[in-house]
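Data first, discussion second: the structure below is written as structure tokens.
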Amino acid sequence: MINKILSSAEEAVHDIFDGATIMISGFGEAGSPIELIHALIDQGAKNLTIVSNNTGSGEVGLAALIAHKRVKKMICSFPRTANSTVFPELFKKGEIELEIVPQGTLAERIRAGGAGIPAFYTPTSVGTPLADHKESRTFDGITYVMEHAIKADFALVKALKADRYGNLIYNKTARNFGPIMCTAAKTTIIQVEYLVNLGGIDPECVVTPGIFVQRVVHIENPAQESKLVAENRRYPW
Amino acid sequence: MINKILSSAEEAVHDIFDGATIMISGFGEAGSPIELIHALIDQGAKNLTIVSNNTGSGEVGLAALIAHKRVKKMICSFPRTANSTVFPELFKKGEIELEIVPQGTLAERIRAGGAGIPAFYTPTSVGTPLADHKESRTFDGITYVMEHAIKADFALVKALKADRYGNLIYNKTARNFGPIMCTAAKTTIIQVEYLVNLGGIDPECVVTPGIFVQRVVHIENPAQESKLVAENRRYPW
Amino acid sequence: MVEKNIIQGWDVNQMAQKVALDIPDGSYVNLGIGIPEKVAAFVPEGRELIYHTENGLLGMGPAPAPGEEDPELINAGKKAVTAIPGACYFHHADSFTMIRGKHIDVCVLGALQVAENGDLANWSTGEPDAIPAVGGAMDLVAGVKTIYVITKHNTKTGESKIVKRCSYPLTGKAVVNRIYTNLAILDVTDQGLQVKEMAPGVSFEYLQAVTEATLIL
Amino acid sequence: MVEKNIIQGWDVNQMAQKVALDIPDGSYVNLGIGIPEKVAAFVPEGRELIYHTENGLLGMGPAPAPGEEDPELINAGKKAVTAIPGACYFHHADSFTMIRGKHIDVCVLGALQVAENGDLANWSTGEPDAIPAVGGAMDLVAGVKTIYVITKHNTKTGESKIVKRCSYPLTGKAVVNRIYTNLAILDVTDQGLQVKEMAPGVSFEYLQAVTEATLIL
């Protein structure tokens, strides 16, 4: 029988290893799997490469993971955000690497990773410093740069509902990077607010088919990052 | 005000020109926009390049368009089907061109066309005759072929429901090529069984966002291709 | 040379059962059109497999009762199917993301020829007037983690379908992992075609005699 | 040289209104973070624009009433928004399919510098200790059909933001179609920067004097 539902975030992240590449969903706080990230902080893996659009806020969630010096390298489009001080300080001290990728190219590279496409051409960034040292090529008179797929060992993703097959739906703009990250990691770990029976998600409305999901954890009342930041909370508390 | 709903299939296809490239949704009869195709037959455009997974059955729908010698070239993955005699006969006589594309490569080329990706690499067809004369390249020790995007002047697509913005949902496996074809054509023309008010489709369940749709036609009781074929119907009737 | 095709070996249902027994619980499986579809009927009780059909359904169920067919709920062979609870629908680019992206565990396909290095030919006889039609076969063999071929060992005219080198146009190079025929189960290994099991009454000598490819016991 | 920045010209709301008037009914529009967001408030009655926010919403509505904010319904600036009837949500790859695939009609962006050939610099001042952060800006300028820039004509220290050649790192080459500043509306043409309209009290001579780029009347 297929049952991807595990009993705790701790169990779900137990085998994340030092040096792993991990995709983390979210655009700002929307869709950020904060409880899974906290479980990863507790678990202790280090030298991580994190693929995520931002670098977190305050000292909770992704920012806390970075503050604990678990992250060797960030691959993201926008490392500065309101209340993000952890990453900028480490970066200025040269203690963390950064690969800056245009947001749509980041999304497409992740999607390519999940779709078995090793590389593709895009017009984005042509003629800018982000295209330096990248191979370029002309199709029909327009210049494009070649971009490579990104794959990960793990993905930590927040969704709204899941069934035991791992079928997922998301909540509004918290969907963002979740569905493509699910496809691009060897082991995709999901936190959801609601577990439902098979058939509890309309088959026409499933956003992430269960084939892309390996583990599901039920986090009934996920923390709201901006509230924690406003309260000056720090993880671990 | 945005209102993409037109009053007839005739009006929706009126400007399809000789020599146009047209994507037509459907996998077998599921998702085939048979009333739009019949309107195109009536309209008379010729020398068409058709991108569609199959070549139709009997002498209705896509097969009828081919039978009327409107199609110069088919780009498809599987031109033979049960009850498909029209295409094979013309092909054997050398009266129609065929570009055969693996099904997943066809889908990805269409998706690339809609996504502004001019070319990508895929492992599919490497080492086979379909990779002959294609550029190949090795990434991480594995050989891939380069494939180019496909774009179209028009797409004819069948969906289940639409609102006046052109947001769409589909019915079961009739979804198949519809959503990607909507993205890859300059003018996307939809036939739907149901029109709904704005908000009548759950925003979490929209499959094709209206931005990819230009025209919608209400076809209340679409014909079922296999029934027409069983009844030996021919279009025009 | 031993006279060919005297021994019938396993029938098609037995072959399908052999395949079914080899697919682990929880696998995502794509069954090709024709004989491969029979595999689903022989999955042991208690094992849950999820069937993918590349036209856009994960969680394909059995054929509907007569009269219950929905022309918009079909499989890759364009036959009416059902959807199980927990199924989902998706478009072709997402469907082939599952295939090309190596998310599907097992694909069972028919064959015209399989070579001893795992080359597969199953889409075209290469005859000059044949209408080429490939469908999803090349995507499946390029993307699915494990490729099982189920096929008669010999053609109707007695020729070996298990060959040294395919004479028909390839579907994929070195893609097949295991071959289930009416006479034997053969693993494609770095050393060559290894006999894993033979049908009752089949000897290695007999098997080799009716097989063009070199076999390893 | 005329003394700079004596004339204030249009205020930010007037600039936003100028932009709003130029966007045709039925357009799909992406408004950058900051001043560009003001454009939505000035769309004339009877015109229906649909707003795309690249984090995954088409049909973005105005900010919610205080207390009604949903932290999972935000725009690209990470501010709470609403969704109109007929809106839809999607993931990032689909969102940037809309952008890169040239499906969005108009994007309104801020600028650090715009060059007379349409080059745009709006993501980095290129200072050695600056933390680079690009977001979706490069995708938007590469993919959206029409790029409008809305910006003060000069920096706080009086330097022209409308330049012969950008000194800051580029966001895109030859991507800007029209520039709305407090002093003028400028079209990027093959011949150079054409003055379309000047704010009350601004003469061409004055405008050219406070502009590094060469202008055409």
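Note that the chains are named A, B, C and D in the order they appear, and that numbering of residues resets to 1 at the start of each chain.
In the analysis below, a contact is a pair of C-beta atoms (placed from the backbone, for glycine too) under 8 Å apart; a residue touches a chain by one contact, two chains touch by 3 or more.
Please read all numbers here as calculations on a predicted model, not as lab measurements.
A.B. asks: With contacts defined as at the top, give the pair, A-C or A-D, that has more of them.
C.D. replies: When the contacts at A-C and A-D are counted, A-D has more.
A.B. asks: With centres defined by CA atoms only, which chain is the most remote from subunit C?
C.D. replies: Chain centre farthest from subunit C's centre: D.
A.B. asks: Would you mind pulling out the distance in Å between where the CA atoms of subunit A average out and where those of subunit B do?
C.D. replies: 34
A.B. asks: Compute the distance, rounded to whole Å, between the mean C-alpha positions of subunit A and subunit D.
C.D. replies: Averaging C-alpha atoms per chain gives centres 29 Å apart.
A.B. asks: So how far apart, in whole Å, are subunit C and subunit D when each is placed at the average of its C-alpha atoms?
C.D. replies: One centre to the other, that is 56 Å.
A.B. asks: By the touch rule stated above, which residues of subunit A touch at least two different other chains?
C.D. replies: 108, 111, 115-117, 122-123, 170, 172, 204, 207
A.B. asks: Would you give the residues of subunit D that are in contact with at least 2 other chains, written as numbers and ranges?
C.D. replies: 83, 89-90, 93, 96, 99-100, 142-143
A.B. asks: Mind listing each pair of touching chains for me?
C.D. replies: Touch list across chains, by label: A-B, A-C, A-D, B-C, B-D.
A.B. asks: Mind pulling up the subunit C residues that touch subunit B in the complex?
C.D. replies: 53-57, 70-75, 78, 83, 89-93, 95-96, 99-100, 119, 129, 131-139, 142-143, 169-173
A.B. asks: Which residues of subunit C touch subunit A in their complex?
C.D. replies: Residues of subunit C touching subunit A: 25-26, 28, 46, 48, 50, 52, 58-59, 83-90, 93-94, 96-104, 142-143.
A.B. asks: In the complex of these two chains, what residues of subunit A are touching subunit B?
C.D. replies: Subunit A reaches subunit B through residues 108, 112, 115-123, 137, 139-140, 142, 144, 148, 169-170, 172, 202, 204-205, 207.
A.B. asks: Spell out the residues on subunit A that touch subunit D in their complex, using ranges where they run on.
C.D. replies: Checking each residue of subunit A against subunit D gives 27-31, 77-82, 87-88, 91-92, 98, 100-108, 110-111, 122-130, 170-180, 207, 224-226.
A.B. asks: If we count contacts the way the header does, which residues on subunit B are in touch with subunit D in the complex?
C.D. replies: Touching subunit D: residues 1-2, 111, 113-117, 163-165, 167, 183, 197-199, 201, 203-204, 206, 209-212 of subunit B.
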